[in-house]
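These notes are about the structure you will find just below.
In order of appearance the chains are A, B, C and D, and numbering begins at 1 in each one.
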Amino acid sequence: MSDHDLPPARRDLARRYEAVRHHTLSLAEPLSIEDQSAQSMPDASPAKWHQAHTSWFFEALLLRPHLPGYQPLDDSYHYLFNSYYEGLGPRHPRPQRGLLTRPSLDQVRAYRQHVDLHIRQLIARCDDAQWAVIAPTLELGLHHEQQHQELLLTDALHLLSCHPWRPALLDSPPAPAPAGTSAWLRHEGGLVEIGHDAAAEGAGFAFDNEGPRHRVWLEPFEIASRLVTCGEFQRFIDDGGYREPRWWLSDGWATVQAQDWRAPLYWVDASDGDAAAGASGATSRWAVFGLHGLRPLDPAAPVMQLSFYEAAAYAEWAGARLPSEQEWEAASSLSGIAQLHDQAWQWTRSAYHPYPGFQPLEGAASEYNGKFMVGQLVLRGGSVATPPGHTRPTYRNFFPPAARWQFTGLRLARDARPRAETHA
Amino acid sequence: MSDHDLPPARRDLARRYEAVRHHTLSLAEPLSIEDQSAQSMPDASPAKWHQAHTSWFFEALLLRPHLPGYQPLDDSYHYLFNSYYEGLGPRHPRPQRGLLTRPSLDQVRAYRQHVDLHIRQLIARCDDAQWAVIAPTLELGLHHEQQHQELLLTDALHLLSCHPWRPALLDSPPAPAPAGTSAWLRHEGGLVEIGHDAAAEGAGFAFDNEGPRHRVWLEPFEIASRLVTCGEFQRFIDDGGYREPRWWLSDGWATVQAQDWRAPLYWVDASDGDAAAGASGATSRWAVFGLHGLRPLDPAAPVMQLSFYEAAAYAEWAGARLPSEQEWEAASSLSGIAQLHDQAWQWTRSAYHPYPGFQPLEGAASEYNGKFMVGQLVLRGGSVATPPGHTRPTYRNFFPPAARWQFTGLRLARDARPRAETHA
Amino acid sequence: MSDHDLPPARRDLARRYEAVRHHTLSLAEPLSIEDQSAQSMPDASPAKWHQAHTSWFFEALLLRPHLPGYQPLDDSYHYLFNSYYEGLGPRHPRPQRGLLTRPSLDQVRAYRQHVDLHIRQLIARCDDAQWAVIAPTLELGLHHEQQHQELLLTDALHLLSCHPWRPALLDSPPAPAPAGTSAWLRHEGGLVEIGHDAAAEGAGFAFDNEGPRHRVWLEPFEIASRLVTCGEFQRFIDDGGYREPRWWLSDGWATVQAQDWRAPLYWVDASDGDAAAGASGATSRWAVFGLHGLRPLDPAAPVMQLSFYEAAAYAEWAGARLPSEQEWEAASSLSGIAQLHDQAWQWTRSAYHPYPGFQPLEGAASEYNGKFMVGQLVLRGGSVATPPGHTRPTYRNFFPPAARWQFTGLRLARDARPRAETHA
Amino acid sequence: MSDHDLPPARRDLARRYEAVRHHTLSLAEPLSIEDQSAQSMPDASPAKWHQAHTSWFFEALLLRPHLPGYQPLDDSYHYLFNSYYEGLGPRHPRPQRGLLTRPSLDQVRAYRQHVDLHIRQLIARCDDAQWAVIAPTLELGLHHEQQHQELLLTDALHLLSCHPWRPALLDSPPAPAPAGTSAWLRHEGGLVEIGHDAAAEGAGFAFDNEGPRHRVWLEPFEIASRLVTCGEFQRFIDDGGYREPRWWLSDGWATVQAQDWRAPLYWVDASDGDAAAGASGATSRWAVFGLHGLRPLDPAAPVMQLSFYEAAAYAEWAGARLPSEQEWEAASSLSGIAQLHDQAWQWTRSAYHPYPGFQPLEGAASEYNGKFMVGQLVLRGGSVATPPGHTRPTYRNFFPPAARWQFTGLRLARDARPRAETHA
């Protein structure tokens, strides 16, 4: 079925649907069948599961309620591939996703095709009234799948990091990330507007947690023009950063000691006699594991795979602090700011809480974001693993403070004196 | 030694020192030697330990650095009674405070007297320059001891709650807490000032985390004139509140299931065949354990000993939400607001983070508050267990969201439409 | 290379080598690539790992030390596929075997062929002196691989039991196991000889833990002619067996309560609303999962997949006891005894300890059995999953008392009065 | 009431009752109220609890069923002080015995007097038929209390070992334990009789687990004339014994690594910078904590407070093994054997299992021993903490293989060639 006869809005969404769905497959391509089925820790999911779950999302929120006569490929998938939607019934326990050796990868691919076929039918056949209902959820499903594209990479990388071989996910070498000098960029603060304005013309998509747009008062601050680099973070380590409680929040210090942290998650210490590190050709003490395998530490590359605790400790050591999410968003339009969306998610000091007047989506999608609004910190920006076009300045990513396996880095901030005072 | 010859400022502080120190002893008085030595969980400390630690605080921060020739009563106490001050050296592990059968209670009382004697000397003998240095820390030590007075009661109550007898800490009956009708009080929002202003005339004492005073922008909101009562909370339970995931934050629901929560911590379900509950004379289903023992649920009494998760779930069920700490503080001066400081600490939806421009205290006291600023929620107000005069509108108490053994309750809030809109 | 030119002893062993190695592959055949890579719990290993480890055993104990010029296919396999041999160097942690997505199954099959090729060379080329050294270890390797054949099935079954589908490993229906009436068979006791006599003519292979042959004194006893059936065990359950502490050893009762045991591991209670159980066509309350999938409980089939604790509790309830391993071995030649080796391993009351004069094998193989001789119970017999010809009356299998995922059942025994006394 | 009018058998038991009960109090005497109330780990009980539980035993098994009109001092004690008797109803959880701050020590002492008073009445008033029923249980209660006398010391010592001060339980110095040379004593083996013969003339008391007397066949063996000393064990440590897996059973090695064991439980390594060790005046590397405090290692003293794993590893390193419990008992009458009952319990290689024909006691006492007969190892002998007269050659003590806080040591054994062979 060609999409040429569709109204432009439908055709555009249909084409993006195809592109997003295809991109997921291309990301999984370097992984073997076994790679795609294994689960390296309860927080991480198998690549096969991500491929199935993103299809389930379209099935559960669109096909089942909206496509007349829709027949699921397999009724049990509704249980197997629900992630955390209490309103959609019981689900397979998250820590046991790696035991779902069945359906096979081939069957999951067939499931994807089954869902794709019927989504195309739904787009083509629904009337305009239905389309008005369907389109926002279809759009949500695409952004949902893009989030899982990053998670697929993140989780696969964690799996490979657990293997003694430390195999490379990608054959190519990493793109160089010349850092240059970091500059302090100044923001005057005051009453600023933050968040997504759904009513604005050409507003585009945003998750419910990005709104409503609202006013906040900011004091003057300065923010770094780029992210903290591996070379800079290495100096923190060399200065005994991981052995000195004074830099750490109390929970962070307890975690450092309980988990014996000595460096970011994927840093490998050659002096530990790690065979893989030796094999990586590192001449310095540290090698760093990433999408391109284990490579000698690149001092100019942004430091990644660190927790909020480590980010906050580094900032303290550096005589600075993390920005709040409001500061980050206000600063995102400053001239000279770099590495906003393309290197690493940036820990902020802000807890992930609802904005004033926040209303979750209706129905099953109400569980998408709101129920996680405690115990997590907001990250802003985007990473090398974020699909192009997925993120934006109002985007709010979030993880618990001890999470380390994401593409997470940091950008420094500090208080600024008011201008008048400066001139005095 | 009489204090009549002291300058008024010193005399005032010296008298308050005596009063605070004496009050600690009076709180411990109903407890037996064994009661004062036991530790019911890692988060709770023995009453004996609280008595020693508050003395250690004065010794470590004042007598050792500032009283020439001071001889500690026992050098090992510096290790035994340090709580969490990394900068003051290693310390006895918190979960093993209940194993400190020695020093005996008598010896701890002697330690208190030893410290008291030398604090009096310090106050009397130091010159004015020294006094300027000492006085703020002495003041801090008194407020510190008052915090531990509440903790002593809280922890002792937890210990007694673990005993099959559920013995009463106090012989007297609880004061009646007539709730009356709860009214919604309106606040117009806008740019408001929050926090303690240390530079203001007659500012009085505040902890470092209460400042600096700063501006925040608030949207219009409404807040309840009183706390949620046991009777109201019972309706949430009767409506299946603890069995329905939709009211709960995700972490909260996981905790409800993992811990099998069915009611606030000290509610005893008579239908469980709990002997002590039966003995309490409860005619309803629930009895509630408290400072005055196990008593029939009083529908008008504020609900207490619940977690942030439970407070937030109740609010969701009630079609409301928790206030932010800024809303709470702004509302504290509204006409008609009741039960601000005298019943239960009130969970807010605000994470415990530093205010803009926050600077911790200097020296050892820098660890007092700042290093706990992640993973906790702010509580505002005060409780029946808070020493009179200890709290104030800018006061920021904080606990992790799952903590239940404190005197913690909730006050509802909700968004308000702007006035203009209302009149339209 | 044909084996026709080999001396008969070598040819015989070479042929058995081929047969055993081939049998392993045939057992794995019904499993998908994903099935063979997953690990369902720390105690269970992936089928792929079993296939690799059994090859590693030949490589590590024969090819590396004895085949001149042998080149391993991959040096890292020595680390990946060592199980527990401390003397052979460090090894991959057991609980993370399921994360070894690489090498792939294809690569493991190539590893098997690589080892097979060189074992054939070793057999063909070694001189007689070498053969005398090699042959016992080669024999040991075959019996080792047979043990892992049973474990491969056991572990695969556990994996499938964790899947909501409860898929069948084998398509065929189970062979009927008509139990008939159980009879008490009498043994007079006295001084009997137990264990493997390596010096006896035609002794055949035995593991080191089966010897030396030695005398033990037995009191008269009776032993059941067959195993306890599912129908009999169901009566224990119906009588409240899992709720009544009096039948249980203290550790067993603690485990029942902590793990909420209500039936043997693979019994599925239809009244729990288990979908798969309903689908199995069971008309009774219980369905039982096994190699042939989830099927209605067969009252005549031996009960399996139970722990020592459950076996001992059943025996207590039945007014009997478990046999000692010496009683079992002595009774194995009694006329009328059935189901010795072909249904389920039979828990004995004997701790797994060394026989008097026990000497472990030399070299790396010394770790094969001896170091496990504490904390485990001896099982005797063999099961439906034991490869034909692998077991014998002196065979000592062993597992911790809480282990449930093996093909383990029970045979009753009881004390007998001496004959004279009986006649009195 | 005088006991002069009692029949001799009653009078004798009554006097022993008084002596045993008094001895318990004298053991607790050096401990403070706080010492007697604290619980240092789930396996250890507070001294106050031991004093109450031993009274409860008399009350529950004698006074309640046999003394007409008996009124318990407090009904709740039946719940608080039951240890593990499922047949006598629910009980306070073992890990929370340290939270039983009430009843106070004074109240527990009053409970003891209440029980004593009524036991005296029971002895005085019952008729001969009743006496025949009562006397064995009264005797059992005395031996039970003696077991708890040792446990009271053991548990108190563990509590004190957890305190940074490492306070001495006893003021006096330890008695010297001159070890002398250890000799190998030979036993010819053969058919020997083992266990308590209840029917023998003048049999005396024994626990049910010591019988029935029965025959076992032993191979010839040799046994050490004395226990392994601290000096000998230090050589094992110096030789890297705790770092070398080859000496260890697999479970033992896993425990060494998981718990970071480097020496017996109460050995303190001065090179660790342990303040208390430095203060003990030790000139060697090690100091050893015991009933008399922390003292320099005495090379001639028996090594104690070690686990079965450590005992077995030492024996392996020494080219010997542990005796079986049957060997130990058979050897106990050999000429020249020393340190049988007065230094440390001696780990045997024998699992704690029922003897052939074992019958537990009737009624509640049936739970005394039998239900623990899995997962534990038998210890023979007695220790410095065993009350005089309590133990005997048939006595079977038992603990899990990882238990370290008891007064447990080891005596070596080894296989012997048959005499004829030796002479050949």
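Definition applied: a residue touches a chain if its C-beta (ideal position, glycine included) is under 8 Å from a C-beta of that chain, and two chains touch if they have at least 3 such contacts.
Treat the numbers as computed from the prediction; the structure is a model and nothing was measured.
In this assembly, A is the chain whose CA centroid lies farthest from the centroid of chain D. Comparing the contact residues of chain C and chain D by number shows a mostly shared set, over half of all numbers used being common to the two copies.
For the pair chain A and chain C, the distance between C-alpha centroids works out to 46 Å. Annotation: 59 Å between the Cα-based centres of chain A and chain D. The centroid of the Cα atoms in chain C and the matching centroid in chain D are 37 Å apart.
Arrangement of the chains shown, judged by which pairs touch: one closed cycle in which each chain has exactly two touching partners.
Listing the residues of chain C that touch chain D in their complex gives 84, 86-87, 191, 214-219, 245-246, 248-253, 308-309, 312, 349-351, 353-354, 356-357, 371-375, 377, 401, 415. Note for the complex: chain B touches chain D at residues 32-35, 37-38, 40, 48, 76, 79-80, 92, 96, 98-102, 104-105, 159, 162-165, 167.
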